[in-house]
Structure formats: C-alpha cells, structure tokens
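Letters A, B, C and D mark the chains as written, and numbering starts fresh at 1 in each.
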Amino acid sequence: MSDVSDWWSTSIIDMEPGRIALRGHPVQDLIGQVTFPQMIWLMVRGQMPSPEQATLLECALVAAVDHGPQAPSIATARMAVTCGLGLNGAMASAVNMLDDVHGGAGEQAVELYGWIKDAVASGTPIEKATEQAIDHWQSERTRFIPGFGHRFHKPEDPRAPRLLSLVDEAASHGTVTGEFAAISRAVQTVLNTRKDKPVPMNIDGATAVIYAELGFEGPLARGLFCLSRSVGVIAHAWEQMQQGGRNKGPTPPDYRWTYTGDSENKDVD
Amino acid sequence: MSDVSDWWSTSIIDMEPGRIALRGHPVQDLIGQVTFPQMIWLMVRGQMPSPEQATLLECALVAAVDHGPQAPSIATARMAVTCGLGLNGAMASAVNMLDDVHGGAGEQAVELYGWIKDAVASGTPIEKATEQAIDHWQSERTRFIPGFGHRFHKPEDPRAPRLLSLVDEAASHGTVTGEFAAISRAVQTVLNTRKDKPVPMNIDGATAVIYAELGFEGPLARGLFCLSRSVGVIAHAWEQMQQGGRNKGPTPPDYRWTYTGDSENKDVD
Amino acid sequence: MSDVSDWWSTSIIDMEPGRIALRGHPVQDLIGQVTFPQMIWLMVRGQMPSPEQATLLECALVAAVDHGPQAPSIATARMAVTCGLGLNGAMASAVNMLDDVHGGAGEQAVELYGWIKDAVASGTPIEKATEQAIDHWQSERTRFIPGFGHRFHKPEDPRAPRLLSLVDEAASHGTVTGEFAAISRAVQTVLNTRKDKPVPMNIDGATAVIYAELGFEGPLARGLFCLSRSVGVIAHAWEQMQQGGRNKGPTPPDYRWTYTGDSENKDVD
Amino acid sequence: MSDVSDWWSTSIIDMEPGRIALRGHPVQDLIGQVTFPQMIWLMVRGQMPSPEQATLLECALVAAVDHGPQAPSIATARMAVTCGLGLNGAMASAVNMLDDVHGGAGEQAVELYGWIKDAVASGTPIEKATEQAIDHWQSERTRFIPGFGHRFHKPEDPRAPRLLSLVDEAASHGTVTGEFAAISRAVQTVLNTRKDKPVPMNIDGATAVIYAELGFEGPLARGLFCLSRSVGVIAHAWEQMQQGGRNKGPTPPDYRWTYTGDSENKDVD
C-alpha cells in the first residue's frame, strides 16, 4: 500500500471491513472449530497443528499455571489489585517479572538441549555431548543448569515425570521423535552423578522437552510459559480482589523491615 | 501456621515438597486429563466445568486473540522487542494497555447486561429494561455503549454472529440459559432503532454474552480477554523479533511528528 | 507535513538534525542553566517557572521519594531484580502499582480541594464548603478522604507539617496564594472533629496542597508523585541487586502460605 | 527483630510511628534543605553529595528528558492514556521499554569506559587501550558501540558537546578528575578514524561520562536515565490526555498494515 503501511507488515492477520483472517483463516471458521491450544499454535507458528501436536502442547500449558503466592510474580499480582489496578494491570506487573531468572529457564533449557542435539548430530555420543554442554553452560552462562533442581520439591517435582511420560507416549505414536526426552534424561543422569544425589528435573526442564520436541524455538518457550502462568496470575489477582485489602505489603504490617544503616547521619545541618 | 503464612492465604493452591494440588487436584492428575480451557475455568472459578461449558469458554478465548498491529497493545508489543525486551516484557507492556478503553468493554458489557437481567427479574419487560439500562449507562458512565459499534467492521463484526450462534446452540442443549443472548439482542435492537442504522455487536459484546451465560463476573471477562489477546501479543512480538529492527517507532523515521508549539521561547537567557 | 506526521503532533519538542528544542528552548541552553525541577515544570506545563515556584515544587518531589519496602511498589521493585529484570523493568513493575489506592491520593486530594475552592468562590463559607465536600466525597467516591489519616504515622506524619510550613512561607512571599493550605487545614479540622481524635494530614494531602497552589491539575499530582517515588524504587532495586537473591518471594521461604481450600477434590477421575 | 523482618532488610530507610529517616536523615530535615538531585544521590549512593557533584548530576538529568514521540517509549506512553491508563500506568508501559537497546546504552558506555580506564591504569597507552576495548566490545557484545553515533542527529548531537564542556569545567574545579571525558574523546577519535567520517557522541555517551566521573555504577546510569526520561513520558502522556483520543494506534487508521501472508489457508475445513 505505502511506506507507512509497510512499516507494520505482518503475515499473522489480514483485515478488511467485515473480514478478519488469521494466518489465512477467516476467524469465524476458527471459532468453535479449533481448540485454544490449536489457535495458539496457529498464531505463533503459522500453520495448524495436528490434534496430537496440539494435545501435547496443551499438557505443557496446563502444567505451568501456578506455583503459589511465594512466587514473586503471583505476590505482585495480588498486591497490585489492592493498589487499585484491574486484572490487566495486575497481569502486566506480574508477567513482567517472568524474566531470565523467574521465567527464562524453559527458554534456556531449550537452548541447552539444542546444543546437545547438535553435538549428537555431529557424531558425539550423547553422554559426552551432555557432559560438554553442561560444562560449557556453566563456564559461559551460570552455574545453574536451567530446568533442573528445585529448592522446594525434593526429591521430585511431580509435574516432570508426568510430562515426560506424556512425551514418551506421543513418541510411541510418532507425534514427536522423543530425542529431546532422551537428551533431558541424559542431562539428569549427568547431574545426578556429579552431585551424588538426585537433581530432579523441574517444570521448566520438562516443558522445555515438550516445546523442543514440537519445534518451538527458545523464546517461545518463555512466551508460552508466560501465557500459562498468566492463568494463575488472574486466579490469584481475582481471589485477592474478593479478599479485599488496601496497599497489601509483603508481610503483615507489624513486622516492618530491619534497618541496617547507621542510626544517624550528620551530613546535613 | 502463623500470622505470616495467613497473610498470604489462598484456596487456589496447596503445596508440600513433591506435591502440588490445584483447587484440590494433584497437578499430575490434571496434566493430560483436562483441556487448557478447563484448567483456566478450574483456576479462576474453583470447580471443574462440564466439557460443554469449557467448550463454550474456548470459543470466546479463540475469538479474541488478535485484531492487528494498529491496536495500541500489539503495536507496543512489537516496538518492545526492538527495545531489547523478551517476550515477558513485551507482553507486560502490551497487556497493561488493555485498560478500560482498550480491554474493558467486555467487563462493562457484562455489567450492563446484568442491570437488564436484574430489571427483567423484577418484572420490567425486556425492551423497557434495556432502554432504561442504556439511558442509565449514558448518563452515569459514557456515551459509548460497551460491546456495540465498531469504527472499522461495518456493517458487521464477523466474530459476533458466529459467537452468538454458538451460544444459541449451547442454550438449545441446556448448557446455558440463553438469557444473556436475548439481552444482547435487545440492546442491539434498541441501538439500531435509536441510531437509525445498524450498530453491530462487536467482539466484546459477544464474548460478554458468553462470559455472562457461563457465570463469570465482569472483572474476569476483562482478565480472560487479556489472556486471549496475549496470544496475539506473543505472535506479533515473536514475528517482530524475527523481522529485527532497533527502537522501532510508530511511523517510518522520515515522517517525524508535527510540532505545534511556538518557534522560539525567550523564557531563559 | 502530512496526515502521518500530524497523527503525532506535540507542542513539547521540536527536532531537526542537530537541533532539539524543548518547549521552544534549544536543549543546550537548558543544560547547566536550569534545575531539574525547573525542567520538569517546563516540560509538563509549557512555561518556565520562577525560581521560587520551582523550589516549592522541589520540596514536594524531595518529600515523597520513599516509604520503605512494606509498600507494595517497593517490595515489587526489589523482587523484580531478583527475577532478572534491569532497573527499567523493576521501575515499570513498581510504578504501575502506584494506582488509585497506592498513588492516587494526591490526585484525589487536588480534586477535593478544588471542590471546596469552587464552593468558597461561589460564596459558601469555607467550613460549610468543607463539610459538604467531605460528605459528597464519601457518598460519591469512598469513605476514605484522600490525603488524610495514616495507619502507621500517628499522631502525625512528619512530612506534612514541614511541607505546610514551606507553603506558608511561600505564601508570605507571594509565590502562592495560600488558599489551598487554608482549605487543607479546614479539611483537617472537620475530620478531627468528626472522628473525635486527630486525623493527621499525610504526605499526599500535603503534596496536593503544593501541587494545587502551583496550579498543577490532579493527574499531574499523581504523575509527579510517581516520578518522586521512582527515586526510592531505583534505590531499593539497586540495593537488592547488590544483596543478590533469586526469585525473592514476599516472605522467607519457610513460611509458605496458608491453604484455605478443601483438602481434596473429586471432580476429575 | 525477626527472620521475617530481616527478609526485607535495608539501609535506605528507617521508620517509627511519626519518624521517617532516609539514609539517617529525618525526612523533615531534608525537605526544603536539599535539592531533588541531592536527594536522588543520597538515596542511591547513601551519602550526601557536594553541591558541585549534585549540579553535575543535574545536568545529566536535565539533558535526557525527551527525544520525541517517535521514540517507542514516548509513543507507548501516549497510546497508553488513550487506552484508559492513568499516568502511573502510562509511565510503567513506557519505562519498561527502556531496555538494553532503547535505554541501556548509558549503562553499556559506563562499562566500556571502565574497561579502558582499567587498561590505562595497568599501563596501556589510552589510544591502544581504546582500540582494544572497542575491538573487544564488537567481538563479545555487538557491533554497536554504545554512546556513539546517531541515526538522526548528524553531524552532531547538540547535547553531547554541551555536557562535555560542563564536565571539563567541573574537572577544572576539581569536582571530578576528567579521566572519563578523556576516555570518551579517545573513543570518538578511534571511531572517527575507523569510519572515515564523524561518529558523533550521543546523549548516552555523554551522560555516561558524567555518571562515570561521579562514581555511579553502570546499572545506575540506566536507572537515572529512566528517571530523566520519565519526565518526557509524563509530559507527553499528559498532553495526549488533553488531546483526547481512544485506542490511538501507531498510524492514522486509514493506513492499516501490509499483510504479507498467503491469501488463503486451507488447513481447516
């Protein structure tokens, strides 16, 4: 049309008055015909998934909706509504916090698994490829291996084995190859050996297997985690709205914080 | 446990090491067993919906995922990733903008429909109840009747009749009563008559019918719209990441803005 | 220039390659010549303030920078950096929460004072005007009178009398009229009488006097409070960065929350 | 006090009923006594600056307040208020976008300058240290050297030479050493030579000199830039509030976007 229109070009949506087409599908042909996970896939990937692919994606979306109000994102959502925000604002303040440390492990695990896959594809045995990938991660990034270990769920995060078993099942039907499930288990074996105790795969490590098996790139693993956790955010924010409260702080008011500075400062007269 | 634990009480999630229960269901019993819309319902409502209820909710979630990059939320999401934000940050900046004007019409329509329902329950004929509710809305709130009219989709928003027909179908099976569908049509009739031309029901007016039929309160209509539109937000942000760009502005750089102030100001010497 | 340029018209800034003019002033003539409060005033009001006006504004900006980590905004900022966000993201999540309840009292107080001023201008005695305005606020808005009362600082918020005395001083020099200081004291008198105990003016009530005396409209009272509190947000977020931590929750991890739901739910088999 | 209080320990603020002390200073002793830039410094650094130090900081804060509505942050702020957000929400959505690409150059320039300073301190001549630092940045980070070059302001960003001259003046009075001014000029010389044309220092490169000279660490350069730019954000959001508009998009509605996908998609029947 024009340089102005071209500035905002997209292959996602086409519109005319009275017509909305998403990835080439008139919206009224999608409503009532496709599931929400199919719609999510169609929007971010561009093609309609098979029902089996969508079902496996759905498992990941269901699994990650909430981990309770000690998570900073959920605490923020609950505090937000007592400050006057609506659910959109509560969700914004909360989802923003799903950054590298709080919401990035899935994306990072997809990347780590990808390194191992590439090394295996180049002929390195999977055990060695995994050892090297873990070493590389710890020297280049951080000592935390994304997707493994949990400060709370010991010895096992109940979501991980359930998700892995669903990947295995999908692999047995040819929906996915199962290669990332194998890679994730190799990572766990290496970590268990090194730590001399179980280092359980957590929700991020397990959903990353699903996202990688289904061909989602790392950043989308984060994006879809944000979508899933938004469900918990909305549920908690809404529960807090009903509980009421004004300017809810992190602890009961009587506890106040501990002041660690000097008792007096004489800089200004 | 203690006053500190009680400060963050919730009926949504219960946790012990190795155990996560959502609304009383161990999470591993939900994964692979319930759909994502069922999970959403369970989390925000507290009870598991019937499959038919979940399917109708799913229609509303599918319908509202995107309306293109001229929507300020989507434009913001696309600009955000060119500023260095990940998908969590893009989603936060975008969803925040789904406030009263951009994302609140569904919530408002649920409220308006509720007024009419209450008046009908008190014995007022639906036509009169609708006239009065519209008058009351325009005198107490704003001249914009939430959920009706569209500056772009004329004469019809293609999503609305499709959604209404699915509500009718659900009503014919007894999944919902259909009373809010009737109310929404009464609103449309009054508006068409007053304006002397069609004032089409839009996506917010139609999804509000679904949310109200299913018993969701107004604020959740907004919350679930935010969840649905987040799909478009993620899709657009991800597409923009792949297109690249740095500090993408709203218009091509050559256009700059129009300065409307004085050419010189002599306040300071 | 064009309809596209006109879409983003502004009287705030004019630019050409190598030239930036803010409200008509070349930026290089402002740098090193005007104070930051003068610059803030110039940007939001369009004209350069007198030094005395800027100094009074500065008092309001200095007074509101922080109220500690039990404020939900500050707690959010501190948690945010442990989730991986930079200071921009921490500030965003935090400032977002300065909504009607947490950051809107200044704006509301400016409005309340304005009602009283208008009534006095119409000939109503100030005592009666104040009584009526308070009644009207409580019947139309909420029982909380903005800018008065504090759950923590009893009997007095130390910032309020200091700020009021500076307004009095400015009034004695003719910088401001002092009419809003008088109005705020009338509000305090009415509240003290009604409650039969002191209802101290708080930071919002006092800064609102300054903003109103200086001619700032209500929404700017909120905006400038956000700017002021951002200083505390940055200080706390930066301190937390140095303290470290990952995914800091609202309470020490051992406390967990109290689960108030059913112990088991048999909806799903 | 307790483990709960200790969870939120801070040296920034101490409070008792009726008492607020910031960095050891009772707040009422600061109000009306210190400037806003002094307060900012005190809060983030812990000590009161000299008037000369505060004045130099003030120059950086004044310089960066705005760069117009083609900046994605400002465009977002303006769109936000037309979606129903207050100034807090507009500021949040906007400041969030001041991430690595849009608001991180100052922080990055402080880091780059620091590399050069360390190399010079180890005996490397400044020219060679600068060459090496630039090479290292481009191989380890990105080809963009933070703080230099501007797609719009050619041949010169008018803010940079003004700020540098103020640093020189402060150095001549002993307020700062001037070493980072020298380093920044060495960077400019190298870049000019390599590019065979002027690569002008921009606002981020110049303010980074000030922040580094004054001893601010990199992340604070970003944080204080966010604070400064928030002034423009508030000014533009407020101007847009007065202009009105609902759901303002990035371009005039008639332009729509360019659809680049397929015209039809036959995935679903």
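The rule we apply is simple: a residue touches a chain if its C-beta (ideal position, glycine included) is under 8 Å from a C-beta of that chain, and two chains touch if they have at least 3 such contacts.
Fair warning: this is a prediction, and the values are worked out from it, not measured in the lab.
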Worksheet item: Which chain has its C-alpha centre farthest away from the C-alpha centre of chain C?
Response: A
Fill in: Option in A-C, B-D or C-D whose residue-number contact pairs overlap A-B by over half
C-D
Response to the item:
Per the C-alpha fit, the turn needed to bring chain B onto chain D (nearest 5 degrees) is 180
Worksheet item: Roughly how many whole angstrom separate the Cα centroids of chain B and chain D?
Response: 35
Worksheet entry | Whole-Å separation of chain centres (CA-atom averages), chain C against chain D | 23
Discussion item. I'd like to verify one number: the distance from the centre of chain A to the centre of chain D, where each centre is the average of its C-alpha atoms, in whole angstrom.
Written reply: 30
Item to complete: Spell out, as numbers or ranges, the residues of chain C touching 2 or more other chains.
Response: 4, 7-13, 15, 30, 34, 68-70, 75, 85, 89, 92-93, 96-100, 103-104, 152, 250-251, 255-257
Practice prompt. Over in the complex, which chain B residues touch chain C? Could you list them?
Written response: 1-2, 4-15, 23-25, 29-30, 33-34, 42, 46-48, 85, 89, 92-93, 96, 250-251, 255-265, 267-268
Discussion item. Quick check on the complex: what are the chain C residues that touch chain A?
Written reply: 4, 68-73, 75-76, 79-80, 82-85, 89, 92-93, 96-104, 151-152, 246-251, 253, 256-257
Worksheet entry | For the chain B and chain A complex, residues of the former touching the latter | 3-4, 7-13, 15, 17-20, 22, 26-28, 30-32, 34-37, 39-40, 43-44, 58-59, 61-63, 65-70, 75, 78, 86-89, 91-93, 95-100, 103-104, 107, 152-159, 161-163, 166, 219-220, 222-224, 226-227, 230-232, 234-239, 241, 243, 251-252, 254-255
